[in-house]
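Some structures are shown below for you to check.
Below are two complexes that have chain A in common, paired first with chain B and then with chain C.
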Partner chain A sequence: MAAIYSLYIINKSGGLIFYKDYGSKGRMDTNDSLRVASLWHSMHAISQQLSPINGCSGIELLEADTFDLHCFQSLTGTKFFVVCETGTQHMEALLKVIYELYTDYVLKNPFYEMEMPIRCELFDINLTQVVQKDRVALLGR
Partner chain B sequence: MIGTGKIKQYANVLDKPLGKGKQEVSLSAFAFLFSELVQYNQTQVDNISELETRLEDAGYAVGARVLELLCHRDKGNRRETRLLGILSFVHSTVWKVLFGKVADSLEKGTEHEDEYMISEKELLVNRFISIPKDMGTFHCGAFVAGIVKGVLENVGFPAVVTAHFVPVEGQQRPRTTILIKFAEEVLRREARLG
Partner chain C sequence: MQFFGGSEISPSPPTPTTTTGNNAHMIYIFNRNGVCLLYREWNRPLHTLNPQQDHKLMFGLLFSLKSLASKMDPTSADKGNLGVPQLPGQGCSFHSFRTNTYKLSFMETPSGIKFILVTNPRTSDLRETLKYIYNLYVEYVAKNPLYTPGTPIRCGLFNTAVDQYVRSI
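What follows is the complex of A and B.
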């Protein structure tokens, strides 16, 4: 069954500001998640330079044997990426929804400092709802 | 002289009729503006109660102006003189104009005669705000409490108005209650009027 393993949000300098894992596989402790985040940030930047096509905006999808990694970069350089089971559908749409939640519940929160780790209750609640709904929709198919 | 088109030109801008105004304003724009208001005030104060006071003062100014506008537009320059009248004015008309819907409920306090409560599942101003744990009982609804205070005081019903979170079983997010405590003279006058 298609499943999400984890979600990462990194700020424009590559620091991890949000990490959530959803259970089955790919759990990481704090240090490892920070390493993956900065690793991905660098790879994303390098890929932009290496690309043979002009105006490339970086890696959007990484397919491996045991997982897929979908990445979405906003216009401001904030990157949302999700590690999921191979062949999971509609991850781009999910990332866009998560971006919308970010702009609503994180950026409109007066107590959130830009580029700092996200500690917003409302963001967590709504994120759980969205992923839950997504899971239910996937299982129903 | 040939007419200047459909719009009637007024010599003095004060003679122009007070329009209905824009019915809809962008929620995001308001949310960002309010967020900035809170952040700005945070830099100016030393503690949480001062921050609440500042938000309340900002709301007070809004309340005073909204009252004048509504009395002129909707009520035909008449104002309420009875307690229940003014409370339902705040609960319905003011809420409708500011937030697009009437408040969820209006209750009379059980413990004290002079207390009334307007409850909302979630205040519009708080829609996108998550209070960090270390801020304790701080409530951005102090702004709305200020609005209510501004309306009530300028209509002749002085009161102390505060906003509180009330936990509800079965729900993760607490409800918000605006607690209105009227001054002595209001109750005496009300009793006199019978």
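What follows is the complex of A and C.
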């Protein structure tokens, strides 16, 4: 596991409910992150239309020149995607861990409204811990 | 950064390390205006849309993904705005994406010709393969005096060469 650049969580309609940046250069303001999330949601859906084989569940990995994007879609349609360095291993495992944190600290929170932006302190704290652990484990910073 | 410097421009086959057999499902070639120059399919059990819609959707998907990749690039401080068309070579571009049923490899040349190859998801990096197909395009299509740029490719030799090469991946 290695350091990630950013994490996005989008609800089943494509709206951004959580965005955290861990060190990409250049600012991405709120509007931009919202647009990027909706764009990703649509691209994910379109990629299913273009599949030559039945049963496509959307893009799991996008490889670009300077970064990789790993996406995990839960059974309910909530998508978790991370932007990380090219060739980073074990991102699927990290996404599953983040999904677990989401179910524990967000979904089980009685004050959390479904499909709304996530404002749960415990989720933030635990998420930071998980990401920090990865970063220290591999990169030592 | 993403253009091929230093590789030989002669159609000598590279040896991509993938499983042998019929890996590829289909290939698309588009020019910079979205005209589909070539579409060949070898193994496509599922047709969701009619061909025109399918081509348009594919081009649209690639255009948007390039725009997305350029915007999301975490290593560049100055990112363009979403939706602004990126010139070939400007900004970060993606080269492949994978789903659970297929892998799509993409390459854009400096002249805006886009090569797309759809294969099974276990295929390894196909950038060299796409470069080889580009070399085939240069030899059989671009150098063909009877071919008008911007129109669909109707060169039998090119089709045969591509079929033969893809079968060997």
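Rule of thumb we're sticking to: the second predicted complex is superposed on the first by the 134 of 141 C-alpha atoms of A that agree within 3 Å, B and C clash if a C-alpha of one lies under 4 Å from a C-alpha of the other, contacts with A are read in each partner's own complex, and residues count from 1 in each chain.
We adopt the following convention: contacts are C-beta pairs under 8 Å (C-beta built on N, C-alpha and C of every residue); 3 or more make two chains touch, one makes a residue touch a chain.
For clarity, every value in this text was computed on a predicted model and none was experimentally measured.
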| item | value |
| --- | --- |
| Room on chain A for both chain B and chain C (clash or fit) | fit |
| Contact breadth on chain A, by residue count: chain C or chain B | C |
| Cα-centre angle that chain B and chain C span when viewed from chain A, reported as a multiple of 10 degrees | 160 |
| Partner chain(s) touched by A:C120 [first = chain B, second = chain C, both, neither] | first |
| Which of chain B and chain C A:Q132 touches, first, second, both or neither | neither |
| Touched partner set for A:L69, first chain B, second chain C, both or neither | second |
| Partner chain in contact with A:N109 - chain B first, chain C second, else both or neither | first |
| Touched partner set for A:Q49, first chain B, second chain C, both or neither | second |
| Contacts of A:V83 with chain B and chain C, given as first, second, both or neither | second |
| Where chain B and chain C come nearest after superposition, their Cα distance in Å | 31 |
| Contact residues of chain A, present in both the chain B and the chain C interface | none |
| Sites on chain A touched by chain C in the complex | 5-6, 23-26, 28, 32, 35-36, 39-40, 42-43, 46-67, 69, 83 |
| Residues of chain A that touch chain B when the two form their complex | 104-105, 107-111, 119-123, 125 |
| Chain A contact footprint on chain C (complex, rising order) | 1-2, 25-26, 41, 43-46, 48-49, 54, 57-58, 60-61, 64-65, 67-69, 71-79, 82, 92-102, 104, 118 |
| Chain A-touching residues of chain B, taken from the complex the two chains share | 28, 31-32, 34-39, 42, 128-132, 135, 140, 172-173 |
